[in-house]
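Following are the structures in question.
You will see chain A twice below: alongside chain B first, and alongside chain C after that.
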Partner chain A sequence: MNKKELMNNKYFIAALFLLPAVLFSLVYLIIPIPLSAYYSFFKWDGIGAMKFLGLENWAELLNDPIFWSSMANNFKLVAISLVVQIPIALFLAVLLTRKIKGADFFKTIYFVPMLLSSIAVAFLWRYMYDPTFGLINGVLNLVGLEQLTRSWLGNPDIAFYSVAAPIQWRFIPLYMIIFMAGISNIPEQLYEAAEIDGASNLQSFFFVTLPMLRSTVVNASVLIIVGSLKYFAMIFALTGGGPNHASELMATYLYSKSFTEMNMGYGSTISVALFLVALIVSVVFLRFSKKDVRN
Partner chain B sequence: MINKLKQLVIYLFLLIWLVITGYPLVFLVQNSFKIRMEFFRNPVWSLPESFTLQNYIDVMESGFYIYFINSIIVCFISVAIIIIVSALASYAISRIDFKFNKLVYILFLAGMMIPIHSTLIPIYKITLSMGLYDKLSALIGPYVAFSLPISVFILTGFINDIPYELEEAAIIDGASRFRIFKDIILPLVKPAIATVAIYNLTLLWNQFAYALVLTSSPSKRILTLGLFEFQGQHGINIPLTLTALFLSVLPLIILYVFLQEHIIKGMTAGALKG
Partner chain C sequence: MKNVSILSLALLMVFSLVFAGTVMAQDEVTLTLWDIRTAADQATPAVKDAIKRFEADNPNVNIEHVPTQNDNYKTKLRTAMSADNAPDLFMTWGSASLERYVDAGKVYSLQPHMTEDWRNNFMPAAMDLGIVDSEVYGVPVTNVSPALVWYREDLFEKHGLEVPATYEELVNVVNVFKENGITPFALANKNKWPGSMYFMYLVDRIGGPDALQKAISREGAFNDQPFIEAGRRIQELVKMGAFPRGVNGLDENASQSRTLLYTDRAAMYLMGSWAYSGFKNEAPDMVDQFNFFNFPEIKSGEGDPSNLVGTPGDNYYSVSTKAENKEAAVEFLHYLTDSKMGEELIAIGNIPPFRGVGEKIEDPIMKKIYNTSQKANHIQLWYDQTLPLELAQVHLNTTQALFGLEMTPEEAANKMEAAAKKYYGE
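The block that comes next holds the complex of A and B.
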């Protein structure tokens, strides 16, 4: 084929257009997955020689209580995020889409936490949680609730909930905006009809807004579920997964095994497990949300 | 009367959330103006005794400004590459019928599901073997790959909505695909490119994990990592750390003041259609 023919071949042209994107994706997203799987069969410190272990890392993983508790924490975070973020975001979205003065002002300010890096949010909250100088204990003391003051991040019983709170704080505005866009797409006539039928605000919320937002809520839930498998920086900066692994997630555990203990073989094993969990969760929920749309 | 009461209740709730969202930010700014001893002496919610800028000077003199420069360099180069690469791919997916369009599109989107932390070890290894470890350029590849799925998603959707007639005449005239892409499509997708650029800029500005794993020397730190290290060194001096924190979030807040609609549109684009 000469050059002219080649340039008229649409497969060749398509390949040219796709090539850069495919290259970046292959090197930094796709190949790392089988590569991790390969490393998971070795003992390796990241620099020196690799020693073949067979399935030893995998056997260790299955018997590693910290891995299982970190996975449980990931799912606990999913549950907390769904229960906290969706209702609050929906509530705020409903309030802000009513014709009230200043709605734009509130919306603008509410969105600011989404602009802060996870590290910034983590440190901001760390200083609010500070047992001695922090805002939260300070306010509790001020209003005479000294018995409620505690070491928010140092107590293993509550550390997990303390790191879950800033995550909710940061992401509620995202879902609020998504719901606001969803609500503004609902035809006004539906509300008018409901009003003529004598529906109260609460009734039109449950019988008009909520059913019409069904697919938006499902989408938001998928985002929350997939997103909470990706949390790392905020917890890394707040507690590092401690105290005593109380706030450990799969990603923080994988980091400390791989890059603090330099046990990259085992770290790769956790990586593959994390990928598999994300894959299973994504497939299950995509199925679920597709079915939802069909109905 | 009932309506007035309803309004009042709505504003009450809105104010409560305003305090929950806004007060931590006020807390951040007001304490950045306090000197260290004053912070320990007075309650955290007190106003500064005098508005000293000493903390700001100290943060900048500690070399913190290097992290800003590094972040700007890495983010801008990455975003430029992302725009070119994702626009090219989106054009092929949307306009060239090569039979696997749908499959390629879905594969790109599937990239969004990959938890990036599960790729850190191989990327560390790949970066080492390319000789890029502890260089700012090490971050560009992962940043581009990380941003591709959502960028391809936004741009493909946008190109799909462009009427085909605009290109037809050019195709009949025998213009090459690349010419059509450059002269017809690119000018038309400018608004979507702006959204993609601003959205990725905000995400990459706040990225942390890749820099943590791929760089080590202080002169190569980007802002998030610099802030992390700064807290490690100066964490006891709370007002000073809060100042560094405030400075690190300031650029995006300024950007947000001017480009609010773009930022919000980008951040919600993935959720509304997907």
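The block that comes next holds the complex of A and C.
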């Protein structure tokens, strides 16, 4: 094949354009997975020599109560995020795609949390949660609800829910935008037909909008599930997984094991476990949601 | 004649090439320096000035200074070290934090450069923590900083209180403040190390410095009586309300502890002597109201009340084995530890770990810190720097759990001992 033919071959051109992306994902996304699996068989502090342990790290993982409680927290976060983010995002999306005054203004306002960096949001909430000077306890004191004031991040019983709240606040706009795009793709005729059939607003939502958005909602749910399973940033910034692991997630636990305690082998074990959990859950979820479509 | 001119021309060319070569090589010297001297760190101006002075005297050398915030710095350095990407010059806290990298062959020995003069420049107690296997690997630079009990003099006066000399008196002070709606101790323990200071002092006052030494050398154990008793007293203080509510959720890095002091909501603050520069920066109009006392004595205990917990050098600067231009790097360390640096550190409010600085200090509080450090029978380095990393984290986690009343003193001590047994392979 000469040069000219090569340049005319569309597969070659496509491959050429794909090459940088493929290389990038190989080096940063694909190769690290088997590499982590490999490290999980060693005791390694990241600096010195590696010592082969066999399955010892994995045995330890299965008997590690903190790992299990952090995994439970991850699933709690999945549940909370699904229940809170999808309905609110859907509600806002429906509201903002209607022809109401100032919709553009509200669109911008509602999108702001998404534009802020996670760490900035975490600091914002850290100061709101301050038990003495914070906004939340301040307002509660002001309106005479002293008995409701809490040390939001210091009390192990509620610390997890306190850090889950800003996560919801920050990610609702993302799904709101996704749903808005989905709604604008629904053909206008369907609503007109529904109106002619005498459907109320509520009925046209449940019988037109929601079924038409089905695949969008499923995709958003997968994003939420995977995102919640590997979530890290704001929990790390707000509590670091504490107090006493009360708000620990798999990712924060893996971070403190690998980088604070410098136990890279065990950290890799957690990361592979996290990968497996996320993989299994999303595959199962997609399988089930597909089945429903066929029925 | 022709031959001569060709020869001279050739020679000239060789010369100019060599010359150009050396000039080029000289131009290219860049030393990277990693430390925690961010804009918020009080020692930053002094280090920046040392860099400036060094660069002025060595125009061919350029120092690329990369500061990183404390907690992130540790992670960054470890990651770089493990990836063999160590900077030319870096900073540690001496002792175990330095030893780890020395053992992995990442640190260049300064022993051949240790002239009598340079060595005598440092306080011996400070120098000790930069020595591994009787060779110097790091030089102390920034601060002699023991943890001290800072207090608001005006609040003590207002409630007719004296500085407590014994634990019983401290309990009384705590009670009086509590009754008057003031949180006795400002503490933010999300970060775990601030709470650890109480534990370290209590262990020292109960069992003396030997308690920890014996536990490390494995003649004793981490669940010996002093450790359990220290945990018990911490929980006693927690139950009395000596600390802010939800103390494990407050962030020391976000000043959530000191804010309580500045707003009259708390009266005492166990913290390293660096707190004093914090007061100066954050509350300049009330800085006269701050003073400190040594952690009180426990009558039944063995610890000498002059003993301090802290660091005699704070930050140690080292050269990595990866550095291509070690001579220049060592030369820079001289600028970091010369008398000009000492004066600037004093001006900032630090006590440099250099000899003969006592008479140069004018600020009465700083003079008091200096004298307190000199008088100390023993300075115990922070546990999280003394202990190997694996145990340091268990110590910090169990101590935080003690403050949260989530573990009994026995549980915490047994957990620590179990981790030690595992680490030392017993």
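We adopt the following convention: the second predicted complex is superposed on the first by the 266 of 295 C-alpha atoms of A that agree within 3 Å, B and C clash if a C-alpha of one lies under 4 Å from a C-alpha of the other, contacts with A are read in each partner's own complex, and residues count from 1 in each chain.
One rule holds for everything that comes next: a contact is a pair of C-beta atoms (placed from the backbone, for glycine too) under 8 Å apart; a residue touches a chain by one contact, two chains touch by 3 or more.
Keep in mind it's a predicted model, so treat the numbers as computed, not measured.
*Asks:* On the A-aligned overlay, A:Gly46 touches which partner chain: chain B = first, chain C = second, or both, or neither?
*Replies:* both
*Asks:* Have a look at where A:Leu153 lands relative to chain B and chain C in the superposition and call it first, second, both or neither.
*Replies:* second
*Asks:* Does the superposition put A:Phe133 against chain B (first), chain C (second), both, or neither?
*Replies:* both
*Asks:* Based on the superposed arrangement, let me know which partner A:Phe123 touches: chain B (first), chain C (second), both, or neither?
*Replies:* both
*Asks:* Can A:Gly242 be said to touch chain B (first), chain C (second), both, or neither?
*Replies:* second
*Asks:* Once the two complexes are aligned on chain A, which partner has more residues of chain A within touching range, chain B or chain C?
*Replies:* Residues of chain A touched, chain B against chain C: more for B.
*Asks:* Return first, second, both or neither, reflecting whether A:Met262 touches chain B, chain C, both chains, or no partner chain.
*Replies:* Touch partner of A:Met262: chain C, not chain B.
*Asks:* Can you list the residues of chain A that meet both chain B and chain C?
*Replies:* Correct list for chain A: 46, 123, 127, 130, 133, 259, 264.
*Asks:* What residues of chain B sit close enough to touch chain A in their complex?
*Replies:* Against chain A, the touching part of chain B is residues 6-7, 10-11, 13-14, 17-18, 20-22, 24-25, 27-28, 31, 39-40, 43-45, 84-86, 88-89, 91-93, 96-98, 104, 108, 111-126, 141-142, 144-146, 148, 152, 176-177, 181, 202, 205-206, 208-209, 212-213, 223-224, 227-228, 231, 238, 241-242, 245, 248-249, 252-253, 256, 260, 263-264, 267-268, 270-272, 274.
*Asks:* Would you pull the chain A residues touching chain B in the complex into a rising list?
*Replies:* For this pair, the touching residues of chain A are 7, 10-11, 13-15, 17-18, 20-22, 24-25, 27-29, 31-33, 35-36, 39, 46, 91-92, 95-96, 98, 100, 102, 106, 108-120, 123-125, 127-128, 130, 133-135, 138-139, 142, 169, 173-174, 177-178, 181-182, 201, 216, 219-220, 223, 226, 229-230, 232-233, 236-237, 250-251, 254-255, 258-259, 264, 267-268, 271-272, 274-275, 278-279, 282.
*Asks:* Once bound in the complex, which stretches of chain A touch chain C?
*Replies:* It comes out as residues 45-48, 123, 126-127, 129-133, 150-156, 159, 239-240, 242-244, 256, 259-264.
*Asks:* Please give the residue numbers of chain C that touch chain A in the complex, ascending.
*Replies:* Checking each residue of chain C against chain A gives 74-75, 78-79, 81-82, 100-101, 103-104, 106, 190, 192, 244-251, 254, 256, 259-260, 263, 265, 389-390, 393, 397, 400-401, 404, 406-407.
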